[in-house]
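By letter and in written order, the chains are A, B, C and D; residue numbering begins at 1 in each of them.
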Amino acid sequence: MLNIAVIGCGRIGQMHARNIARHPRARLASVFDVDAAAAQRVAGALNVPVAKSVDAILASDSVDAILIASSTSTHADLLERAVAAGKPVLCEKPIDLSLARVNQCAAVIRGTKVPIMLGFVRRFDPGHRATRNAVRDGTIGELHQVVITSRDPGMPPVAYTEVSGGIFRDMTIHDFDMARFVLGEEPVEVSAQGSRLVDPKLMDRLGDYDTVTVVLRTASGKQCVINNSRQALYGYDQRVEALGTLGLALSENRRPHEAQIHKREFTGQAAPYLNFFIERYAEAFDAEIDAFVSAVENQVAPEVGFEDGRIALMLAEAAIKSAAEGRVVRVSELG
Amino acid sequence: MLNIAVIGCGRIGQMHARNIARHPRARLASVFDVDAAAAQRVAGALNVPVAKSVDAILASDSVDAILIASSTSTHADLLERAVAAGKPVLCEKPIDLSLARVNQCAAVIRGTKVPIMLGFVRRFDPGHRATRNAVRDGTIGELHQVVITSRDPGMPPVAYTEVSGGIFRDMTIHDFDMARFVLGEEPVEVSAQGSRLVDPKLMDRLGDYDTVTVVLRTASGKQCVINNSRQALYGYDQRVEALGTLGLALSENRRPHEAQIHKREFTGQAAPYLNFFIERYAEAFDAEIDAFVSAVENQVAPEVGFEDGRIALMLAEAAIKSAAEGRVVRVSELG
Amino acid sequence: MLNIAVIGCGRIGQMHARNIARHPRARLASVFDVDAAAAQRVAGALNVPVAKSVDAILASDSVDAILIASSTSTHADLLERAVAAGKPVLCEKPIDLSLARVNQCAAVIRGTKVPIMLGFVRRFDPGHRATRNAVRDGTIGELHQVVITSRDPGMPPVAYTEVSGGIFRDMTIHDFDMARFVLGEEPVEVSAQGSRLVDPKLMDRLGDYDTVTVVLRTASGKQCVINNSRQALYGYDQRVEALGTLGLALSENRRPHEAQIHKREFTGQAAPYLNFFIERYAEAFDAEIDAFVSAVENQVAPEVGFEDGRIALMLAEAAIKSAAEGRVVRVSELG
Amino acid sequence: MLNIAVIGCGRIGQMHARNIARHPRARLASVFDVDAAAAQRVAGALNVPVAKSVDAILASDSVDAILIASSTSTHADLLERAVAAGKPVLCEKPIDLSLARVNQCAAVIRGTKVPIMLGFVRRFDPGHRATRNAVRDGTIGELHQVVITSRDPGMPPVAYTEVSGGIFRDMTIHDFDMARFVLGEEPVEVSAQGSRLVDPKLMDRLGDYDTVTVVLRTASGKQCVINNSRQALYGYDQRVEALGTLGLALSENRRPHEAQIHKREFTGQAAPYLNFFIERYAEAFDAEIDAFVSAVENQVAPEVGFEDGRIALMLAEAAIKSAAEGRVVRVSELG
């Protein structure tokens, strides 16, 4: 049994705590949050202790590993401290909104053997993974083009948007990682276009976009198109398709059930999509914990690590630059 | 070029005339209807002569074959006369509403070499045929169960219903033929249930049903379930499924196009189904003409012939008996 | 928190124990099995005690309710004892294979206020329930016809089949309950057809069938067709459709994810269906526990109770009689 | 009846001739091709005369309108001559591969009242049109993003590719028109990326691409993404989606029928897509002729005209420039 402590008891931290508690080979050791009441609620429901402090967690012999689900600004610090304490860590994305800070963190942890896993949960979605596998195992031949559609059901709260680092760092970052997961090659060029359509006033104020398209290109010419919108009123739209020389693999949206209504005016009307990420990626969040537990048990590097987080952020930086300058940006320009 | 005359210029006759006119190896020789104005309308639109009489058609050297699309009560007579005149004939179903009359007709034409084809058009639908082929070519292994869903969009006019011979002879008859087409074995037992739900008053008056289920069974125990309703307000519902030892083949409904709407309250809302049989079975009607032309050209028996029409009517008779008596009826009981 | 003890630690008992353990308002009090090792395995994994005996469970103040998942032959006894002990009970179906024993049990518990829930889990499937709701809330108008397709992926072990009571009592019983759930009216007539196609030798020896169709009919003429097979190699096929005056509601099969492959030879190839009932009805099993907990908490009768189990068994008896005698059997004939 | 002569009897000309022949309000007046044998074959099959020359067609009183389906290099000349002769014209796309020639042609025909229709057939596809209508009638609210997937089943013959003008002028041009059709606003910026993946050697030699993505942007910030590939081995992939503030409209691919196979290893395997454009857009080609006939009858401007052809070519030019220079190109830069 792997004893895991959870730092951060917000919406995602709570979910991870619950998933750890029911994993057959993991145990929820304790939880912590700077908001003591939040920590207490989660601890009470799951019958585990509230840790006194992060230090207490890091020092505890009965904590084998740490899951970081606190606010973004704390990720890099906690990650460094966990590594220093020799505790394997599963850290929610992003590592930090600043590439400089991420690079600094990379320098601090360089050479560590402590397993570090980044929470790019979508890699663990059974449908997206089946699509990636169809690329990897040759089912669709040699890959040519990837199309990722990724739209949120609605704008996040303004307070969140203001500190999110912008759509490319906050939302598209998942798609940058998915692109790399499916492409199996590093993108070397980024071309991005941003529009302000959902909430133009807010976007103007923040210098951000709510509707973007990004085209990535690898050295061999493979392309990946990403379509994002902050507002897909019809639901959380999450699709991945991969075109190869022999065929197409396609991960379609998921509904809570498969009931339909057929009437005179229309046919096949189905339920709304699963909404939001906690529901849509429920199996993926479980599989992510499982992958982390397995990696620590087997002392192997987790499937998705620190460097994946760093590269996704670099792609975000390149996209920001591309959208601003109206030109293709080479990732190598970022130094 | 096969010169075909069309007898009967109602809705179905018109359609057949048009299909013949555009078939690459057929020519529409002439049309005839007891309603001279109706014949004139079709002839004018398609630039062909109106025949003076059925006799004129039968006697004409420039008529190679005949399509009978006149009213049901004339089918058997016309069929006998066409055979006597040595003209290959494609006759709309049913041959007659009376099994006695059909048997008499069978006696009259016994031994003829004149090609006779029955208009069981659904056999020529690409989707239903693909399903039958998956049975025949072993794709789904050995067949166990067939399920046919066949529902009309709405009640026919009362005047039609009164003379239609009842739902089993008029509507289910297509499904009896489809059952035989997919089963590849003769049903030996029939169990039918009828309800009066759509228009109970009319059904009570006519002693007919508007909602029926029929279970057919072959000597080897294969089953076929037929679900019929006179009113599927959501459209003309035409599905065929076949369960075998290795899998399932399924012919689903067809829409005029594949556009969908996704909204907050629902997803995947598609267009209404193709409606009614002239639209839904448009490709099948063309393929039927083609099969007739090919059979005559190649001097082979048409794929679906007089005996198929007779057996389908016997199954209808058995179903009527079964529904009335509340028991399984063996087809052999009909003598 | 409702403290629930689980009796029976086989495959289904284990699953229920796990579901209870993670339910937010339930606690797994203890488990019991006549096979002590089986009980110990479940108890160990879930960190709960093994009860000494059924008597100990019934006498325990720290057990608020009981879930019966032991072998079928013990259900009626345990149910009577639980009721006598005043413990609410969630009993797996069937109550017993003998209608006489079920009627006797009914007499014993008559008048009890102790909540009794029967494990007809499919009622809690989100897709099937949405279909039932579309009937109940008028979305599809007045109901005319229900079609239930229910096929197992493969024959159960011979040892199980020998004592299962036959396909109608063991397998179709779920569909009888689903029929009543969707119809919203009692079936009064049953017409059943059985074939021996999957394993004819075994079926001959047992006087059982492996491929059946059943048509139920309510007093108002509503029809329900059930298609069963013991072997659908393509997966656990679980569909429910309801035809009403205004439309069709349809609960389709469920896959583990929505990835597809499109190639030159075919398009839209998707993953196999969820297989078998523990996977397919995972959400339903959770919802079932939740419904039981809620019923006990609110001191209301569970949504599906003892009488539902008794009526489903009566329909099975009627189907057996109908298949044997080749005629429609009225439920009232069973006395 | 509108008497239409067809110039050009290749694959597309033949198809148009056949469609005209069966249109209820049109008559095929004559056909012409520089290859007399080709003209004779079409004329023979459809029982119409071969015209002696283009001049004869233009001078003929029994020709009301002209359809131009000859090779691309003749389009502009023929169009100018038809207009000079006062004959309404339906001209296959493109007008010419050279924007200069198109602009010259525009100058020549300026001010004419002769109806000119451009053969952007996809506008008449029922599915794509339903999607556009869902934008126009407000079903999906205010439009934000359009995604067009348009992939050919395989590379055209090398000889064709060499003179096609490149992928943007030859293939994407249809998508540029579709983008304008759905957007309902003019694109002002174009960003294009080209790769050489299907046949890198040929593409290198021609300076062309076989795999491209284009992002268009209107003045109000609406985006349209186009994904093209010269080789989708799984079939002719033709999809259009439109995201608006209230939902998504989506025109999916079309199959020849709706039969599926379900087996142990997969489920829902359907037939290949309709392939190639003559099959996929069969209804659209008929609707296009109908729209032309109606426009001439009603003396109104056809729905899609000369200027639409010119703008699509300008977008192609902008895309070529963008792909070459790695930057967003404003359409206004083209002068």
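By our rule, contacts are C-beta pairs under 8 Å (C-beta built on N, C-alpha and C of every residue); 3 or more make two chains touch, one makes a residue touch a chain.
Predicted model only: the values in this text are computed from it and were never measured.
Asks: Report the chain whose mean Cα position is at the greatest distance from that of subunit C.
Replies: Checked the centroid distances; the maximum from subunit C is D.
Asks: Can you check which chain pair, B-D or A-B, has more C-beta pairs in contact?
Replies: Greater number of contacting C-beta pairs: B-D.
Asks: Can you compute the centre-to-centre distance for subunit A and subunit B, using the mean CA position of each chain? Integer Å is fine.
Replies: 57
Asks: Just the number, please: Cα centre separation of subunit B and subunit D in whole Å.
Replies: Subunit B and subunit D have C-alpha centres separated by 39 Å.
Asks: Spell out, as numbers or ranges, the residues of subunit A touching 2 or more other chains.
Replies: As it turns out, subunit A has residues touching two or more other chains at 233-234, 246-248, 253, 260-264, 271.
Asks: Name, in rising order, each residue of subunit A that touches subunit C in their complex.
Replies: 21-22, 24, 45, 125-128, 130-131, 134, 139-140, 246-254, 256-264, 271, 283
Asks: Contact residues on subunit B for subunit C in the complex?
Replies: Counting only subunit B, the residues touching subunit C are 141-142, 144-145, 147, 149, 151, 189, 191, 193, 195-198, 211, 213, 215, 217, 220-223, 225, 227, 229, 231-234, 237, 243, 245-248, 326-328.
Asks: Given the complex with subunit A, which residues does subunit B contribute to the contact?
Replies: Touch residues, subunit B against subunit A: 233-235, 253, 255, 260-273.
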